[in-house]
């Protein structure tokens, strides 16, 4: 069976496992205060051009979103997200579990527009009863979005300006960050993201690591006692180096970016092939998630041969499905897929 | 200055204050275990035709919504509401503060339709990732709604059936319950509400009491250790009889219904007058909240003479305002208002 | 039956009810932005010698403790209290419901000693793992304590110094504040309390009001968006003046202090009488709560004649009971009690 | 430098890393629904003699404690623990972050005695105000305890009986479970623990795994929608097999028990050696954590040569330190240590 279900199906990039084997019996300090975590953090700081950034390694996107957002805002404050945002749609109320309301605004193919945000804030502030409402304090976006789309430098700058205008912080969920940075036409880099975001994370789980996400707080004074807050959320790894080693490996010699590029390259190869086969696309995504429309018959034909994610029914009864490549996808696998979809 | 700002501007129905004076130096048991609370609860049980109902007296709508919803559902469960619902819009994240997500669906003039609920639940259940989402467990509606509209018996029956179909509980916010029950064409009564709701409250603050809301749980086994849960939310009155006496008075000889009727009568009198003056109505409300559209000039003219609530701008630049009557409104006050609005 | 169960058995001081009658049909602004709340706040500010203090009126001690403590500290921070402190013992986990740990230290007759606090903080800070623990951020004391005892000016100064030394805030629960201030030998006043506390409340429910507590934040910048936080906790009164009128009345011409003195006077009269009758006291209380030791026989004799609170069994099988006077207690009632206890 | 700081300093048992390498490019289903997690769960069910047990793999003790306790009890309910219990002392308020009070009782070398529990519950239930208190609902114990001590079968049976008497659930934190089961004189096994506990976890992080804890709910109906609850706590691994593979390996051919035995054997070897050197022990521990008393001079001598945990000062100014062995400790390392401590 072919698998284009998701980008977290393989265990880890081989160099990570090799590294673990080579250090297996070394004795490391606990709770993230080890040499590998230090080295990984330093490399990330350099890449982000942020000398003082606080870098912490956590396990999983929901956990990282929860810890970061809860650390950025006060208990009575709320987070604004596109209604398709992962925290709004697929995290089982993890943000609300911390007491925060998630205010959802309409997005455009997963992207929250600066205008939408500004319109909401103007209405909120003009409302005489706004003191009776949860107070918006941070804006959540994902890069790339849940639809594989990415924000341009201009769009991020506009969002950042809107945030500043209304004293909102900006948080970026980078579960698939590598795949966004690697896409054609992408005009931002880590150091730009670090210059607009109050906090963001560099996803490892979906980009070559076994597990792990690197939370970056460019300006450490933004959050207080982060270690204790992580512990309170059950998000401190006793063996912190398990994540540290992985990011240290991924951020050595540009490995993270190199393997991310493979996912985008194979996705574009797949996209071109699907276009040649005249498939209609649900939206235009430049990253490793592609959304196409297939008939019931076709779906029935491939369902035991290909792993994919069912997205939704179209109005005329066809099916939107998602096909995802990863750092480990090979062109030959795409060829097989295209052959099946002929 | 005339006041049609809200229905909670006067202190209390005189018979309540008289009652307090007459019992002032009596010594009462604390925490709601007093003779007045017992008597009030018994009268409410009778009116609801619910022998075993649990009846507790709290202070304020947000508090009551929070306590009731938190008691009805588990920590990871969510509440569904119309997006105009008070818990979704104007309670400062009080439900999220208990860890629950508020899932908002589009309402119709404040009312949540059974079809809307069913459509949402079908989509939810069909979604393969629904285990990754906050789990809907209770439906919140307000009666009358924030727009003064009311559900018919048929509509409530359909909602109840939909709730049962999807194992959802039904909770009714009755902040203005009296005004809903008193309106023309209303075909439901307390005992019907008690038969469809898993919990609801009878609003006192807005219907003649100084303070106080009566939370009714028709089937006591629906909630566990409610007293302790109230205490945990800071919602137990040490002097429970302060609320008990008021509901005991309001539910003696139908006082609650009688004074509610005055609000509706004066509202209908106002509505007729406004129609004669050719005012356009934002929506059709049969209760004590009326929404009309006025020009900037008119608004400017009345703004120092009449208290009202600004609602929103219309597309063509006019203003929706809300005018509210109460149990204490006099026809002569409405006449004065109509005169000003000529 | 005689009642010495508690100090919240009567409805309200008569002048409060008279005031309500006189203003009954006045139309007031909602949510605490009315003339009575303003006037009451201003009087309290004057009495506290705190021009800028934020004063808010809430309903009930648990609610006020919860709102104040949650507003003073961050989500991951903890509150330190004597193990007999009301928030630790009798508030059903209301503080934990906001996510905060209550760290309990041994008290002395209800009082938390500065030395105890310092010892705890030294141990905490010396612990290499203190980042793994809930972070102490505010100290809770009650004045008078749950045992009727009071802190002297010196003791409060030492506590305050200890708090400052360790960057802890100080919060004072004044559910029975009037009774503490009225006791013989009390060397503190409201303005002194306002100078040491970061927040405290002046109890109304137990000192002549129907309901109501006045939360005072001497330095408003200590808390952010308090109104919204109150709303989120279900602690905003729609009819704010219901509490405002009461505090305005209590703080006119020293009524609060005058009626508090009656409770202490009758308590001292009772204490002297009990001493003459050779009753042993569980501890020495200068306020309106007296704790004596009675045999099973005596208890059996009075149990249908006197309301009291059972406290605990002594080691030799006798009983500690609490007898409480209030602003409304008359000497003749104490005489009757003493007669029964002969 | 020698390391006896903790039992989580090495990466993983080599057979785990080998397994990862052998399956690296296999494509696995996500969120724990993979063949390795299934196989591991099945092996654990067998070992626990619990056909229907729910087995879930999480990352880290605090996270597992939090998820399990929050799933076992209602929002207003509390957990009882020895004051030295990890959830009470070193989890940064993680349980309170879920809204639950942790009620602490005095332990004996880390163990909570059935008598202590019964005495507390009798006092609680006899208290007329117990409805005003957080409601105890689950008992937390650790096996072995934070002091390395273990409960006997008899002690656990007594605790279980006490729990049943008062309708309390029993939860066992097994962060170091293997080391408890492997100690001399241990008369319990996994299937016995499964028969007394409502939930418990088998620690992997400290017993040979890279990361991972196996939460076991012997009777699945004890908890509802556990997956969603885990997700809400940020405790679902996208790559669930990362934990699954490890437990599958550890529970193949008794590897878990075999490597746990090494830690205990080397600890006993160390203990004997230390006794021969006349070291005083702080308490008697049969497991891999040993607590000895050393002078300042000795501590100063070893501090750059040996990793240990400082525990506390003794009254006469000496030092309690903890020395810990692990699955990876070699006898030669103990010999070196003993040589240094001569």
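When the chains are written out, they are named A, B, C and D in that same order, and each has its own residue count from 1.
One rule holds in what follows: contacts are C-beta pairs under 8 Å (C-beta built on N, C-alpha and C of every residue); 3 or more make two chains touch, one makes a residue touch a chain.
Small disclaimer: the values here were computed from a predicted structure and weren't measured.
Novice: Supply the minimal count of touching-chain steps required to go from chain B to chain C.
Specialist: The fewest steps needed to get from chain B to chain C is 1.
Novice: Compare the contact pairs of B-C with those of each option in A-D, C-D or A-B, and report the one where over half match by residue number.
Specialist: A-D
Novice: If you average the Cα atoms of chain A and of chain D to get two centres, how far apart are those centres in Å?
Specialist: 33
Novice: Could you please state the distance in Å, as a whole number, between where the Cα atoms of chain A are centred and where those of chain B are centred?
Specialist: The answer is 42 Å.
Novice: What whole-Å value do you get for the distance between chain A and chain C if each is reduced to the mean of its CA atoms?
Specialist: Taking the mean C-alpha position of each chain, the two centres sit 50 Å apart.
Novice: If I count partner chains per residue in chain C, which residues reach a count of at least 2?
Specialist: Expected reply: 75-76, 91-93, 97-99, 131-135, 228-229, 231-232.
Novice: Quick check: in the complex, which residue numbers of chain C touch chain A?
Specialist: Within the complex, chain C contacts chain A at residues 70, 74-76, 98-99, 131-135, 224-225, 227-229, 231-232.
Novice: Taking the complex as given, what residues does chain D use to touch chain A?
Specialist: 3, 5-6, 8-12, 14, 17, 20-21, 23-30, 59-67, 91-94, 97-98, 205-206, 210-211, 228-229, 231-239, 241-242, 307, 328
Novice: For chain D, which residues count as touching chain C in their complex?
Specialist: Where chain D meets chain C, its residues are 75-76, 78, 89-93, 96-97, 99-102, 128-129, 131-135, 310.
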